[in-house]
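Next come two complexes, and both contain subunit A; in the first it sits with subunit B, in the second with subunit C.
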Partner chain A sequence: MRENIPDQPGSLIAPRPAPPERKLPWGRLDAFWLLLIAALLAAGALRAQGAFSYEWNWSSVWPYIIKTDPKTGQWAPNLLVQGLLTTLRLALWGMALALAIGLLMGWMRNHPRLLLRLISASYVMTVRNIPPVVFVFVFVYFIASQFMPSLALDQRLSELPASAQEVLAVLFGPAALINNFFLGLVCLSVFSGAYVTEIVRAGLQAVPPGQAEAARSLGMSEGDSLRFVVWPQALRQVLPALSGQFIQLIKDSSLVSLVSIQELTFMAQDVQVSTQRVFEVFVLTAAVYFCICFVLSQSLAYLERRHARAR
Partner chain B sequence: MSIRRFLSVCALTLLGALSALSPAQAQQDPLLETIKKRGKLQVGFSSFVPWAMRDKQGQWVGFEIDVSTKLAQDLGVQLELIPTAWDAIIPSLIAGKFDLIIGGMTITPARQEQIDFTSAYSTSGQGIAASRQLASQLKWPEGYNSPNVTFTCRRGVAGCRTVEEKWPKATLRQFDDDAMAFQEVINGNAHAVISSEPKPSFFTLANPGKLFKPAAENVVNTYEGFGLRKGNPASLANFNGWITKNQAWLKQRHEYWFRTQDWAAQVPKL
Partner chain C sequence: MSQALIQIEGLNKWFGQHHVLRDIHLSVQAGQKVVICGPSGSGKSTLIRCLNQLELHQEGSIRFEGRLIEDDAAQRQQLRRQMGMVFQQFNLFGHLSVLQNCVLPQMRVLGLSQAQARERAMQLLERVRIPEQADKFPAQLSGGQQQRVAIARSLCMQPKVMLFDEPTSALDPEMIKEVLDVMTELAESGMTMLCVTHEMGFARRVADSVVFMDQGCLVEQAAPEEFFSKPRSARTRDFLAKIL
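Now for the complex of A and B:
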């Protein structure tokens, strides 16, 4: 376990002495390799262009990002941006919910009571041993269809005052699609939560038992020992693994397009069919997912560095 | 982990799975009453040119949209369009995500085992577009019945079955949507694509150097009906009555979307 965690300041290893002379980070050999790779990529691209008779035409795709309203002449977001917003909402709430599930279940997984351990273990095993696509279908058609209709979210929403509805629309998307959105959100969080559970469990188990024992011997209660000694260490350990899981969650959110949740991938497929521009839409969608995940991974890496310094 | 603990974990997992598989409670009330009470007709469909597609403003247009709109008007309720992935459209209907499929769904015996169909509200056909590069030498139709010939289709559409029945020796490759199935033939990776008309004709017109039509007439004629959950005989009769009453109107709308391209300005150029 420990080997995987990058060196952090404050660890027991003594800091390395500074190298006497700074060498140039770039040698001739590096430049040679870089040129070779670039040449290979270019050759590959040329070959693909030959085998692939496709006329790129981006002009019909742009209007599906931003449209001009014919009545007011103002710009308004079109399908792809609407889908992107849904994906972002799914990602944000999905992370929060998956983390909540993971913390609870991870705690249960290490609990001295057998029943709690069993519940958590069954959950993790069920979800982890089913392929994601199958899980999405089974969850939506067998499990969620049992309880979602009785919640009648859209009806409850329409009874709220207008100001509350506006706030909820920003947080969860248009009222007409609220059932659709929650279905996707619950599905994604339950799925991702199982992986977060395992990460949290690993973190808790990585804290040496001596830590909790020491806390107890200092007179801390069981709860205080968990709160001040075990959990902070566990969470700090799993931060890198958690950020990986969150990035995975964003990419997994494209899976719920299979059950018609109207996020970016679903909208992209609609646009593909309507414009017949398959590859343009694919490339655009991939670029958007890349941007979201890249920004997230960079900000999480920043958080990790700051945490490492804070120790 | 002890054997006892392992077994109890297995039992709990199985229990969870079983309880999840128990069927949803069957709803007894007739469909039409539910729709009227809700004040909204929920229609499931999937995007498919020219049945249902997004115009430049992101709004739905197409033959199905016209039909659904008029049906909702005549019932005196609002229309809620629920775009659904084609693969899962029948499970979604059965799970109660919407009242009706109005999605250009061909009436087939296999589908009739799962859901009920109204009488046909539209007749169309399946057509073939073939690759000039690969298939121009092939004799129609018997030359296509060879293991060296590859057909493409959109997964789950009736055309895939047609290929299996008419050209059993040919290879069939299935794609998630039509655009990819056509692109594979345009790229010269497959010999021919089957799809519901007028799409093969439109694509051949748009790519004259790459595609041709081996046969002018339809390969198979198909009949499309509304799909309903089983066990709603009264509603089924009611919808059948609506279709009979509106034959002329349906025909006229069908002509507009399938025989003309007057609507082409609304959508991006194909």
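Now for the complex of A and C:
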């Protein structure tokens, strides 16, 4: 643009609008790759169909989602929905409990006192370095069996007033299964808590030491410095890693089906046995897990974006 | 001579086997401006970090207003609120806005209300000429602006002494002046200041006393005219020749 050339030497060039932004980064080559991938997938699907002939039959699966009550004739949730509710309860309380364990243990992991560091390091090392299935069995049959009976949760529950029992039933599931539910919940939280611990430790270590020094130099107490300066920044940093761990926790909740906690995976196996429709039930269950995890990951991503803006 | 505000006697400190402060004696009167200079690794930062006990010394004594500083968490906290500290890396709280950076310590340490703390914070942000940035986050500011906020944040606590640990070393040349201007103005207002810096122009202009340190020892202390025109030790002459 000729008219923008400065006529006097040394004067600044006037700003002018930026050229239009490039279109979507999408070219012919991309279209080719997409077609190729689609073709490969289609070929694979066709081959699979030829290789084993499976008669899809969904109709016998549906009744296990919602049934009609034979006595009242009304609709009632059947096994799969009951399982889903247990899974959701496990996930929700599991996240809260795993986070609580992780915050405490993560803090201990960086503590100047050797004993606290040792305790939390042994916890993390033990849980992380044994296979999850082994952990579940050992935890439930050797560790939880020591203290769960003495808690006698179901008995305590039955002594509560009816209104309280109703609320607790919504939060923790049917009263008859409360011992069972807590067993699964504690097992899942202790397992997941080890990973949260490591995430929290990394977050605390990622806050520059200068932040705590500045807080101290202003006369803030050690506790205030942690509470108002170090922790908020540590947690903000680990939010993405924590979301990943929470999604993992939802899927890991299927592990406790091994010890007869009647959550989604357990119920699905039940339904597979009674209907003989193995793949239909698998596909359905996977879709449900996907939906839960997808919704959670999207909400957490939203939270991350909001916090990112605050920085 | 009146009682010194800060009295350091026979201060020794080691990092592991490394003897970083060797038998330091130094006294600072109220209202005095002391500039500490020396090559890197000479222990000057460690010295002022010992003053507000961010580093703990192993031998010797530090007295503040005549009171011996002991190994006691409550006293340490009390001490720090009376000594402002400005760091080389600013160390503003990244998750808080400029205003909140100044408000939080006032509320937690001095027990002021939100309104009182805000008012004082705005006064001091004006004093460092940055009130319009109050609602921004530290990462949105230039280095010079961040350092001025850090100074304001310290001043909010109404300290009796200000410690500066190389406050301009992490800044672009264009921004050094705006920070030094604020510091000069603070000095003129009568604040007691201890400042580790390589800005010799600032030392000449503002300091009552210049301290030269090398290898953990306090080599020389003199008024600026004398320090710059006829340094006594060869080591000081050598250092000045390199940086002036």
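One rule holds for everything that comes next: the second predicted complex is superposed on the first by the 290 of 311 C-alpha atoms of A that agree within 3 Å, B and C clash if a C-alpha of one lies under 4 Å from a C-alpha of the other, contacts with A are read in each partner's own complex, and residues count from 1 in each chain.
In this section, a residue touches a chain if its C-beta (ideal position, glycine included) is under 8 Å from a C-beta of that chain, and two chains touch if they have at least 3 such contacts.
The shown structure was predicted, so the numbers you read here are calculated from the model rather than taken from an experiment.
Asks: What does the overlay on subunit A give for subunit B and subunit C, a clash or a fit?
Replies: Superposition result for subunit B and subunit C: fit.
Asks: Does subunit B (first) or subunit C (second) touch A:Glu166, or do both, or does neither?
Replies: The answer is neither, since A:Glu166 touches no partner chain.
Asks: Answer with first, second, both or neither: which of subunit B and subunit C does A:Ser122 touch in the superposed model?
Replies: In the superposition, A:Ser122 touches subunit B alone.
Asks: Please determine whether it is subunit B or subunit C that touches the greater number of subunit A residues.
Replies: Here the partner covering more residues of subunit A is B.
Asks: Considering only the touch criterion stated at the top, classify A:Gly210 as touching first (subunit B), second (subunit C), both, or neither.
Replies: second
Asks: In the overlaid three-chain picture, which partner chain does A:Asp224 touch, first (subunit B) or second (subunit C), both, or neither?
Replies: second
Asks: Just subunit B (first), just subunit C (second), both, or neither: which does A:Ser60 touch?
Replies: first
Asks: Does the superposition put A:Pro232 against subunit B (first), subunit C (second), both, or neither?
Replies: second
Asks: With both complexes overlaid on chain A, what's the closest CA-to-CA approach of subunit B to subunit C, in Å?
Replies: Minimum over all C-alpha pairs: 16 Å.
Asks: Counting contacts the way the document defines them, which residues of subunit A are shared by the two interfaces, the one with subunit B and the one with subunit C?
Replies: Touching subunit B and subunit C on subunit A: no residues.
Asks: Hey, which residues of subunit A end up touching subunit B in the complex?
Replies: So the residues of subunit A touching subunit B come out as 51-54, 60, 63-64, 67, 69-70, 78-79, 82, 114, 118-119, 121-122, 125-126, 137-138, 140-143, 145-146, 149, 176, 257-260, 262, 266, 269-279.
Asks: For the complex, which residues does subunit C have touching subunit A?
Replies: Within the complex, subunit C touches subunit A at residues 52, 54, 73, 77-78, 80-85, 87, 89, 91-95, 104-105, 108-109, 137, 139, 150, 153-154, 157.
Asks: Considering only the defined contacts, which subunit A positions touch subunit C in the complex?
Replies: 208, 210-211, 213-222, 224, 228-229, 232-233, 236, 310-311
Asks: Quick check: in the complex, which residue numbers of subunit B touch subunit A?
Replies: Residues 5, 8-9, 12-13, 16-17, 20-21, 24, 47-49, 53-58, 80, 82-85, 87-88, 91-92, 95-97, 176-180, 182-183, 186-188, 210, 267-270 of subunit B touch subunit A in their complex.
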